[in-house]
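Shared between the two complexes below is chain A, which pairs with chain B and chain C, respectively.
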Partner chain A sequence: MITLAVFSLFGVLAVVSAVLVVVQKNAMHSVLYLAFTVLATAGVFFTLQAEYLGAIQILVYGGGIVVLYIFVIIIVNLKEIVPEQRRLIPKIFLVGVPVLLCAEVVTLVLRTGFPAAPPREDGAGFKEMAEMFLSSYLLPFEAASVLLLAVLVGAIVVARRKHIDDPD
Partner chain B sequence: MTPFVAEFLIPLGKIAAVILYPMVMVVVMIWLERRVVALMQGRLGPNRVGFQGVLQPVADAVKLFFKEDIMQRRADKLLFNISPVLVMFSSLLAFCFVPLGEPIRIGTYTLTLWIAESPVGLLIVLGLSSISVFGVIFGGWASNSKYPLMGALRSVVQVLSYEIPIGLTVLTVAFVARSMDLVEIVRRQESSGVWHGFLMPVSFVVFWISAVAETNRAPFDLPEAESELVAGYHTEYSGMKFAYFYMAEYAHMVLVSSLVVILFFGGWLPPFPSVKALSFVHVVPGFIWYLIKIMFFLYLYVWIRATFPRYRFDSLIRLVWKWLIPLSLVNFLAVALLGYLR
Partner chain C sequence: MIPIEAVLGLGLIVFTIGLAGVLVRKNLVIMLMSLELLLNGVNIILAGLGRHLNSPRGSIFALFVIIMAVSEAAVGFALVLSYFRHKKSYDTDALNDLKG
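On to the complex of A and B.
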């Protein structure tokens, strides 16, 4: 009962702040609501006993990606950006794609209903996931890390090029 | 014990304790810091209000409470008001996962001295403490003033950089304890008989340096370097909002000290448990041992502050990227290799 109440609270919070992210005119306010969305989603994960997912949500999205957004907004002075005039076809996409996605999610939910997950030991998913990463999904896991490394090296190369004479 | 007490009153009491305990420690810490730094610098420090000035933080709080709350006209109202709350929220919420002592048995009921135990507690605490960056950068930006913005940018660069060695050293602890559960990590140190700090001194030292930097404390207090940036990200704040930033910084220090004690120095465990002549250490409750240990690390914070001069910003960043991160990577490889060979 309490779990359901907490779940609903976080769910409503996530949806409301997600809507506010899009509606806001001020980019910094949007980021604030995005942070709320991320935290509320983490709360939803916690009430569903997906604790690892919740922790990663806070750590990666909250601590990393949202902070990156803030940085970009501060460095790119947003007052200078003029709202662009969109033509008809982009406008159709702008409305059509979310509507299609929404319809897809709704049909999927209606078709499968809400089957109850099998009960499992507390926190068991964390260990199983770690084992799966390093056994059956080893190749995709390693490929992803090599890709990230390549991106990191690329970023350093791009950043260093201007300061090639820098003695340090 | 009636279900009403067990399911309603005790959780309520725990929630109150999680809010009150850091606040009490903050009051103690502010007094301790002012007195100790004063004595180390050959001054007297506050010694008028109450015995040896212990009530000085209370007097300060009352003063701040009655101060005028100033917000300049061009500040961003929403962000300006919410950032002190965000900073405080992240520091206090993480305390839910900090085990303060051994579970106490009352008849058939077991009273645990923590609110939540999670198999990924360590990750959650690290994530929550990294959320305080939001408050700092929103506050600095919303003030619409140059010094706070500079302070906030410095703070974010510093905190994000120093999170990497923290993550890498925490990984070694999780590796040795084979768990990310804070309670389980303490239990492992009890069963193995060796505290992780003595098993992995390099991890401990790297973690401690990075933790001091992450709490924006001297000698790494660049975000609020008063000789360069007035007061950094909270320059424009006054009254209770400033007090929130101030208290959150100290609560964060208490949190980090608790983490060091739990990860590296056995949490609530007494020292020398196997020495017969010192068997009286078991009589002292675990909570007291925990308090003694975190007081040591809080004192260390003050000691470091009074001893070292402030770093320059580029050498601060060079320290983490050129020394601490490579060192913690090598350390992690060494711990993994030794653990595998053993």
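On to the complex of A and C.
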């Protein structure tokens, strides 16, 4: 019962701050709400007994990606941003399509009967996950490391300046 | 005990907010943030289903999604920086020519 209460609390926090990420005018405020969403999602993971996932979420998202966003917003000058304009009717349409999609999938989920979860012994999931990660999923794991290397090289190549002594 | 429908609903709502953000906003950085929201919604669903089915695969798949999110953020920022040097703008409306 208390797990459900904590889950609802973190879920509501995540949804509210996700809405605030999208509607903020100032990009820096959006980043701060994104950090809030990420931490609330980590709380949701903890209540779902995915502790490792929650820890990785805090480390990678909260410590890495959010800081990266803040640096990028500091590097590009915020004052040069022109206010964005979009007409009201396309905006309503563009919000309506995802909302309809969500309503459809929620209806499908509510109509689907899920089998009851089998009972679970505490503490076994973590060991099981580590063993499966490094045996059955070894090849995707290695592919992910190659992907990260490619991303490292690619980001440097795309973002570097063409000439070092060129001021722009 | 958390009902699986609640977890799926939460993940779908976060996914929907992210999708609406990608479609509506024109600021490139906020569009990238909305992409992170999309991936977070998917991760919530994966973690919930892994818990429901009592399988570690949910967490494993969510970990791979996080790896993809990090890669996407890094390359996306490199592209935003390089684009900003050309155009002095974040706005996607300025992205209307094929010449560098």
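Following the convention adopted for this analysis, the second predicted complex is superposed on the first by the 121 of 168 C-alpha atoms of A that agree within 3 Å, B and C clash if a C-alpha of one lies under 4 Å from a C-alpha of the other, contacts with A are read in each partner's own complex, and residues count from 1 in each chain.
Heads up, the rule we're going with is that a residue touches a chain if its C-beta (ideal position, glycine included) is under 8 Å from a C-beta of that chain, and two chains touch if they have at least 3 such contacts.
In this text, all values refer to a predicted model and were calculated from it rather than measured experimentally.
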| item | value |
| --- | --- |
| Chain B versus chain C as contact partner of A:Leu134, first or second or both or neither | neither |
| Which superposed partner A:Ala144 touches (first chain B, second chain C, both, neither) | second |
| Partner chain(s) touched by A:Ile56 [first = chain B, second = chain C, both, neither] | both |
| Greater residue coverage of chain A in the superposed arrangement, chain B or chain C | C |
| Touching partner for A:Leu101 - first (chain B), second (chain C), both, neither | second |
| Partner chain in contact with A:His29 - chain B first, chain C second, else both or neither | first |
| Touching partner for A:Lys91 - first (chain B), second (chain C), both, neither | second |
| Partner chain in contact with A:Ile74 - chain B first, chain C second, else both or neither | first |
| A:Ile65 touches, of chain B and chain C: first, second, both or neither? | second |
| Doubly contacted chain A residues - partners chain C and chain B | 52, 56, 64 |
| List of chain B residues in touch with chain A within their complex | 76, 78-79, 82, 118-120, 123-124, 126-128, 130-131, 133-134, 137-138, 141-142, 149, 153, 156, 160, 163, 180-181 |
| Chain A residues within the chain C interface of the complex | 3-4, 7-8, 11, 14-15, 18-19, 21-22, 24, 27, 30-31, 34, 37-38, 41, 44-45, 47-50, 52-53, 56-57, 60-61, 64-65, 68-69, 72-73, 75-76, 80-82, 84, 86, 91, 94-95, 97-99, 101-102, 105-106, 109-110, 114, 117-118, 120, 125, 128-129, 132-133, 137, 140, 144, 147-148, 151-152, 154-156, 158-159, 161, 168 |
| Residues of chain A defined as touching chain B within the complex | 26, 28-29, 32, 35, 39, 51-52, 54-56, 58-59, 62-64, 66-67, 70-71, 74, 122-123, 126-127 |
| Touch list for chain C against partner chain A, complex | 1-2, 4-10, 12-21, 23-27, 29-30, 32-34, 36-37, 40, 43-44, 47-48, 50-54, 56-60, 62-64, 66-71, 73-75, 77-82, 84-85, 88-91, 93 |
